[in-house]
Each structure stands twice: as structure tokens, then as C-alpha cells.
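Going in written order, the chains are labelled A, B, C, D, E and F, and every chain counts its residues from 1.
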Amino acid sequence: MAGKEKVTALNCGKDAELSPPNAAYFAKCMEKLGFVPNVLRAYAFDNAKLTAFIAMADDLMLADSGLSKLEREMIAVVVSSINHCHYCLTAHGAAVRQRSSDPELGELMVHNYRAADLSPKQKAMLDFAAKLTEAPAAIEEADREALRKAGFTDRDIFDIAAVAAFYNMSNRLASATDMRPNREYHYMVRERAAPKASKGKRG
Amino acid sequence: MAGKEKVTALNCGKDAELSPPNAAYFAKCMEKLGFVPNVLRAYAFDNAKLTAFIAMADDLMLADSGLSKLEREMIAVVVSSINHCHYCLTAHGAAVRQRSSDPELGELMVHNYRAADLSPKQKAMLDFAAKLTEAPAAIEEADREALRKAGFTDRDIFDIAAVAAFYNMSNRLASATDMRPNREYHYMVRERAAPKASKGKRG
Amino acid sequence: MAGKEKVTALNCGKDAELSPPNAAYFAKCMEKLGFVPNVLRAYAFDNAKLTAFIAMADDLMLADSGLSKLEREMIAVVVSSINHCHYCLTAHGAAVRQRSSDPELGELMVHNYRAADLSPKQKAMLDFAAKLTEAPAAIEEADREALRKAGFTDRDIFDIAAVAAFYNMSNRLASATDMRPNREYHYMVRERAAPKASKGKRG
Amino acid sequence: MAGKEKVTALNCGKDAELSPPNAAYFAKCMEKLGFVPNVLRAYAFDNAKLTAFIAMADDLMLADSGLSKLEREMIAVVVSSINHCHYCLTAHGAAVRQRSSDPELGELMVHNYRAADLSPKQKAMLDFAAKLTEAPAAIEEADREALRKAGFTDRDIFDIAAVAAFYNMSNRLASATDMRPNREYHYMVRERAAPKASKGKRG
Amino acid sequence: MAGKEKVTALNCGKDAELSPPNAAYFAKCMEKLGFVPNVLRAYAFDNAKLTAFIAMADDLMLADSGLSKLEREMIAVVVSSINHCHYCLTAHGAAVRQRSSDPELGELMVHNYRAADLSPKQKAMLDFAAKLTEAPAAIEEADREALRKAGFTDRDIFDIAAVAAFYNMSNRLASATDMRPNREYHYMVRERAAPKASKGKRG
Amino acid sequence: MAGKEKVTALNCGKDAELSPPNAAYFAKCMEKLGFVPNVLRAYAFDNAKLTAFIAMADDLMLADSGLSKLEREMIAVVVSSINHCHYCLTAHGAAVRQRSSDPELGELMVHNYRAADLSPKQKAMLDFAAKLTEAPAAIEEADREALRKAGFTDRDIFDIAAVAAFYNMSNRLASATDMRPNREYHYMVRERAAPKASKGKRG
């Protein structure tokens, strides 16, 4: 799949001949983004793995949910910040900037979500994701109840948990393989937003 | 899907009408195990989520790999032990007992793999999985190099990482939702093995 | 003392000639259990150490107390789970199964007591034992007060503390010496209990 | 000092009348940066505190040293990444981008320096700063010796220690007061560098 | 600067010719204490560093503040206890003994402030300092609010934060350089106080 | 047992009538120390508990061993320093001062043994005790092997482990009950030793 640079520190052999749906997916990435995200290229040595990853990631991040797509990206970045995952902070930091049109919100999620000026509901969501990342064994009914009190349905709680859990997986695959982000992400949505848009405290 | 008991602490609404492949999968579980694993029932409110989970889990645990199926279950249990995940320790503890025919090996993985009498290669594999679970940000080339020196190929390293990462996800979904294991797992392969089989130190 | 297998990784010389009370104690173990627990054999190179250990362990686990013998075993296993002590999880996991006639309760204590369906009083007891294990420096009057509010007397609190403290010792001696549990423990009380007995959530 | 926005969550009263050297310093900031860094404004209620902070910070970051100014900024960001300090990651992340002309290097320091393609000497420097941040009590002669073997003089080691220590202070003052970075930092040196410049692995 | 013994493990070259104010400061130390604190001698290879350190330390510990000088020393010792800094525990442990005329209070701060019989206000102050030391990223508005409720002004909170932050720096410089306390500190204010003076619980 | 002050925060009822051996033991304490250590008084509500504690403590700290009595006290203090146990740091800190005639060595063990100028053998001993305290699950054969290489026999390793384990128990009982040290300990062996005696680095 194009390019000379290594995508990870592992040599898993050459890429598989992509299945038609996977090839179509890569083509759509090229069309929309101008590149294929390296996480997909990292799986491209095996069609079954690539297919399963795309199916799960797209369901979690793009399917209908009580959580907005921006909120799901915020969870992704907060989990990745705790795990210090360079790949995911780069790719999903860019996604927060893009979905919020607020570059500063992206930085806040990368650095420390507690410094952001969030609604109590979003704060509760990210507190749960952070605890689930740092101390999964300590989650109790009180933690779920706090989400319900903040206004989330049980179905929403499932989605918060599933997204946070997924990036705990993805962060670890990226760190284990030294996965390298496409350089383009660094430069996306870096221009200052129009005055109204800031969601950070710093207004 | 059968039974009255709640599978998790969340009420995500009633189960979806299963897609034909998912229905067939559940039927196969009933046939082979006598029950449908609760992790699958936990996803059954949504066919897309269920499908993606099955595809990823089966690829990781059952597809061709340089790691044996037992080794992949050992990784699953070691990760779940660190994360103190009751669901996964119950289900995959049973799987280690079953695939090894060694109930004591199952207990060793649940308790502390460092107490088991493992080959240096398997020890290196589990050390990597443990570090990736506890301190993913600290993984460095030296950690991958230790696996290569122990005899693993880069492709094997990918699989070790992917399995360990997957259970870091699965543990967190289970803990976040208070997922409850099927009771049957507790009672599988608990009889003492024939004298030769022990892989633990205690022989 | 019987057998060829090493009980720990240390060679502390041959066993002492047991004092009459220690010899009688070993004989009673053989009669009741069919074996001498390896923790006792690990101390058998020195009668004074063995005597002191038996005196303290038996007082804590068997003497009159506001805590039931099962509750004391539950504390032992919860502490050992946090410390990942293979010896104690094996021996005292069996004891929980035996005293409760509930194999699943044993597994719950080994895996994560927070997944068990406990009374608020027992939950408070185990929360205290867990905090005392993980962060003894952070115990404050509020922690003792929580136990009093849950219904414990000061004398009960002493016993909770003493049992939890003792297994923090025992876990460390076992881990430091690679103490190996008698294989028999793995196979005790593994049969499914009669329907009524479950104390876990999974009913 | 200009502006309506609060610089921290604390109301420490109105700014002092700046001493002539402090006023001159603020004027120089306005001239060179177009703004006064909020950390200075946070101290502006008290001339003595402001003077002492400026003296120490400028000595550490700008005085002669065996470490380049970029290296000192790299240490600042690595420490701040571990401590998840939004203020310092924003301000010193911008400084790394500026001094290196490499926006990607800035992101690598913010995310996880272990993902960067550093010289062994710089890697050793940041490993020491990270350990000093996370586990100061565990520093031993072997850690200093590792720096000497990497090519640092004792005087350099003092500077590595002093810079890392200083940001462990500054991070805590910023977190304790909810110090808010000037928004301008987010937008500095975000343009893609000319092809040659990358210091990251991703080239 | 006098003496044969090494002050740190680093050889930073010979001491600078002290600037007149620094020389006067050293002379004042000799006069009042009978020795120059080794932390000052550790900076004496460079006048600018020494000047900046003295200015910041003296402002924090001696300038007007809503916190008493004893309270600031208590914070210094509590932070140093968490960081296990031998230099600062020795020097500032002596300072707590001296400013309180209560040797036992000094020991309590060195060992664990939670064992001391403090006012709720002082307890809140030290709880904040401890959290800021251990988990700076987790400080939130609720932590500042707890200090306000305990009776502190925002200006006091700044001072609590600044002192705690400063010793997080100083501890790390001392540990990084193996800074060695003047032996005199060990022997200062060790005599038992008159009956009334105890501030510890042990009365 | 003498005095008005509470020994712990728990009211376990009035002291038992001491058995003759326990009464004799208390009398011997009065004769030798001038007081009964509060840890003994804390157990005095129950003769069986008191007897068992004395038997175990005296065997560990006073019986024949390859470790000197001072070395055993050093382990006690290092473990208690990690666990921040005020009672044990006070009582056993005094014991190190007494057995070494070196007040500074006592402080070094209380603060951070890594700052002391120990022989490689004693350093290895304390490194093992520290790891066993902080991360018992991570002890491996390599840790025992390091002790053997440092010159310890397997029997010595048992004693290092047993003493470190015992203070992990004792620290937790003291913290759980808010055990308060006899004030006398603070003032024992505080005078400066004759010039030759220092075992610390600070000579």
C-alpha cells in the first residue's frame, strides 16, 4: 500500500492482496483524507484482521449513538492521553479538532481533560472513561449510577464503556508495535477558529 | 436469548432479532458448549456490534498463528488477572484448563503467571503481555527485541500484542457493565489430570 | 516431613525434629486433610518459627470473633488477590469454597470481590481490607468510622485489620520464597452446589 | 496587565504595581511575543514572587549550559507530559516547535518521548528526567552513571536535574491554580517544516 | 566554601567567587546556624543559580503570608516525606521541630501527617499538598473549594500550592544529585519539650 | 496496663488479666525500657493474641540468624518507611539508632535507605525488602539469586523475607488502629555519636 516508510517497528511480511471491500475502503480513505490511516495499513498484511478492525472501529465511532461523534472522539483522546499513545493522540487529536472546529479543545483532551470547561455531563463521561482506563477493577455500581444521574441512559453507558475499552486496546497495539501516525494529522485543523467557537475555559 | 438472569448491570433494551450468521453462531455455541457465552449475549441487543466482536475474537483466538491456542488463552488470563476481570478470568480460566487439560495451569494463570514453571519463551511472552497491560507507554524496542531473542517472529509479536490488547478492551467492557459469567465455566475441567500432564512447578 | 517435592525455592536445610505439639499438629492435619499444608512444612526447619506461625494463624482464623470463619477466609483471599499470591489464593480460595459450600463465591473472592453480590456490611469489610492492603498510609478515622456505620464493633475492626494484615505478611513470605501450594487444594469443593446456596450475583 | 480573562482560578487580588525591572520584562514580552505569558501574570500580584520566578526560569532555560535550549525545552515538555499539565504543555510544546522548527517533534514530546527517534544521548537525558519525575526516591548512582556514559558531564547532569525539577514545580503550581495558557501558543509554528528538518521517526 | 566533604555526588567544579550578597548570606548562615546549609553550597558553583534559589526559597518560607512559618515548614516536610527526600526531611524536619518546639510534631510530619492530631484546617492544607505531590493532574476545582471551606483565602491557597510545588522541585534536585544534609540538623531540637507543648495525638 | 492515654483509636474493651508469662514480659519491659511498648498494650485485651505476637516478633528480631539484630531493625524501618507507618518508624527508628549507636543511620533508614552509604550486601538486602513491600507479586527467582550473589545463604533469605513480611503486617495493624508510639522512643539515642561511628555517606 504505497509509500516507503515503515508503519510499525514490526515486519509482518508484505501486505495481503486486499479483499474488494477492504480495497474499496482504502480507496475511500484516499479520496476523503488523501491518505490511508497507518493503523489500517498496519493490519493490511491480513484481510481478516483488517476487516474486523474496520467493522468494530466504524461501528463504535460512526454508528447511531446517544453520544455525538465528537464525544466519542473526546473519549478516544482522553484514554490515549492516559496511556500516552502517540499514534492515537495524533490521529484522534486531529479528529477532535475537526469535529469541534476548535483546535484548543483538541489540545485540552490531549493534555488533561480536567482543564477544559466541559458540561457536567461531559465531565462525568470522561471521568468514567478515565477511571475505566486507570483502574478497571475498581468500577462499581456507583460509577454507573453517576453516569445515569448525569443524564446518560444505560445504552449510552454501554457506548461510553465500549469506546473507552476499544482505545485501551488500540493504544496498546500501537505502543506494542511502535505504530507511526501519518504526518498529515499533525497539520489538520490548526488554524484559529472564529471567535465564538471555543469550548475551553480559556475564553 | 434464553434464561431470565441479567447478563450485565445495564439495561440496553431487548435483544435484536439476530442476523442469520449470528443466530447460527449462537446455535453452534448451544450445540458445543450447552450455552451461549454471556459476552455474546451482552452484545446481542445490536447485530453490528455482535458481528464485529465475534469476527475479531475468533480471528485472534482461533485463526492460524505462531502462538498455540493455549498460549493465546494464557495471555488472555494473565491480562485479565492484572485487571481483576471476573468475567474473563472465569471464561478464559476455563479455556486454559480445557486446552491444557491441566487445571493447575489454569489456576496459575489466574493467580500469578510468575509462579508457573514456564519455558523461557512462554515466560517472555507473558512478561510482554503484562508490561503492555500495566505500562503501555513504557514499551520500547528493547521489549520487542526480548521477544525476538526468545524465539518469536515479528508476526508472532503482532499476535501477542493483539491478544493482550484485545483483553485489555474486553476486561474493561466487562468491568464497566458488570458482565456476569455463565456459571457453567466454574465447573469445567476441574478434575485432576493424569499424572504426566502438569505444566506447573508443583509436579 | 514426607514427600520429595520442594516446598519453596529456598533450601533452608533439613526439617527440625518437630516438637511434640508441632508433631501433633502435623498429625492432625494428616488426619483431617490428608496432607500437611505446605506453609507449615516451609517453617518446619525451625520449631520456634513453626510454633509462632501456628499460634498466630489459628488465633486469627479460628478463635472466637465477631467475624465468621468464612468472613475471615474471604478477607484472606481478597488480600491475596491484590497481592497475586499463588499459595494463599490456592489454599484460602479452597477454604472459602469449603466454608461457604459455594465454589463460585471462592472464585469471586479470587478474581475481584467487587463483582460479588455481598451485603453492605461484608462489602464494607472487604473495602477496608483492600485499602489497608493497597494504601496503608492513607487509612484514616473515616475508614474506621465507615466500618462502625456498617455495623462492626471496634473489636470486630481489630479482627478485620489483624486478618488483613496477617495475609499481607503471609503473601509476602510465600512470594519471597516461591512457596508452592499442595496440589490437593485445587480439587477441593469444585462440585456445583445445590441450587439454594449461591452468594454471588450470578443467581 | 491587559485583558479581561482570568489567568487562574484563584483571585489573589489585583496586580502589584510592577517594579521597573518587571515592567521592563513584561514590555519585552509584548514586543517579542505580542503577549505576556500567563505564568508571569499569575505571579504579578507580588513583585518579589515574580522577580524570583523570572530569575530562576531564565537562568535555567536561557543561561549557558551543556544542554541546548531545545534540549531544555524537551525536558520541560516530557516532565509536563507525565504530569499532564495543560499550561506547560501548551507553552513549552510551542517552544519545542519553535526551537526545533519541527512541529512533529513538539507533538512527540507532548505525547510520549519514547516514540521519537532520538539520539541515545538525548534518550538517556529524557529517561533520567522521566524517572526523576515519576520516582524521585528511586534515583541512584547508577542513574547518574548512565548519563555520564551517554556523554554528559556532571555539570550537565546538574542542569538536566534542575530543569526537570523546576517543571515538577511549575506543573504543580499551574495545576493547583488552574493556570490557563495564552491562546496564542496553540497556533505558533504549526506549519509543516521543510522536508529536511524532521527529528522524529516518522520521516 | 569550607570543609572537605562532598555536598553532592556531582562534581560541578569549584565554587564561584561569591557575589557580595551571596557572601553576606553565607556569613549570616554561619552566624545564625553555625554552618551553611548544604543546599546553598550545592548551588555555590554559580552565583546566578544561588541567587535565584535564595530569593525564591526565602520569599516562600519567610515572607508575609496567611500561613505561619511553621505551617509552611509542615508542608515542606509532608511533601518531602512522600518523595522520600533525605536532604529535605533532615533540614526541614529540624525546622518543624524548631518552629514548633515540639520534636514529636517534626517526627509526625516526617512519618505520616495523617497520624498527627491536627486542626481540620491544617489537615485540609496537608491533604491538598499531598494530592498535589502525588497526583497533580487530578487537582480540580473541588480541591480548591475544600481549602476555601476550611478557611483559607485564595491568596493562602496560592501559598500552599507554591510551597508544595517548590519542595517537589527541591526534593528532586536533592535526589538527583544525592545532596547530603549537614549533620548538625540531626541533633537540633531533640530534647523533650515542656509538658504543654505537644501538638501530636499522643498527649 | 498503666497510664491514661489511649494506645489506639479502637476501644477493644479493658485489658485481659495477663497470663503469667505475659505479665512477666511486661515487667521485663518496664525494667529494661521503663515502659511497655504500646504495640504490646494494643494486644493486651487478649492473652492469646499477645502471646502469639510476642513469640513471632521475638523469634524474628532476636533469635539466631545470619542477619545481625541491627540489620533486622534496618529492614523493619525500610519497610515502615515505604508504608509510612508512624508507630513502627518511631519504635524501630529508635532501635536502629540504639543498635548502631548512630543516630544518623536511623534517620537514613526512616527517610530513604538509598541515601545511605551501605555495603553492597546490605544494599541488596534492603532492595529485596523494598521490592517485597511494594510489589510482592513481581518477585522472581532473579531476586533471590541477587541475594545469593551478594553473599546471603538461603536461610538468610528466609530471614530477610520473614522480617520484611512481618513489618508489612505490623505496619498495617498499626495504621488500621491508629496505634500511637510511646513518646519515649522519640528521645532515645539522639546525642551525636563519637566521630568514628558514622555509617552514613555524610562522613
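Going forward, contacts are C-beta pairs under 8 Å (C-beta built on N, C-alpha and C of every residue); 3 or more make two chains touch, one makes a residue touch a chain.
What you see is a predicted model, and the numbers here were worked out from it, not measured in a lab.
Considering every other chain in turn, the ones in contact with both subunit A and subunit E prove to be C, D. Distance from the centre of subunit D peaks at C, each centre being the average of the chain's Cα atoms. A straight line joining the Cα centres of subunit C and subunit E is 43 Å long. Chain centres here are Cα means. That of subunit C falls 24 Å from that of subunit F.
Taken residue by residue, subunit B touches two or more other chains at 84-85, 112, 137, 139, 178, whereas all remaining positions touch fewer. Taken as a contact graph, the chains fit none of the simple arrangements: neither line, ring, star nor complete graph. Under the touch rule stated earlier, the contacting chain pairs are A-B, A-C, A-D, A-E, B-C, B-D, B-F, C-E, C-F, D-E, D-F, E-F. Taken together, the subunit F residues at the contact with subunit B in this complex read 137-140. Residues of subunit C touching subunit B in their complex: 5, 81, 84-87, 89-90, 103-104, 107-108, 110-112, 115, 178, 180-181, 183, 186-187, 190-192, 201-203. Residues of subunit D that touch subunit B in their complex: 112, 114.
Residue ranges on subunit A touching subunit B, taken from their complex, read 9-13, 45, 48-49, 51-53, 55-56, 59, 63, 83-85, 128, 132-133, 136-137, 139, 141, 144, 154-155, 157-158, 160-162, 164-166, 168-173, 175-178.
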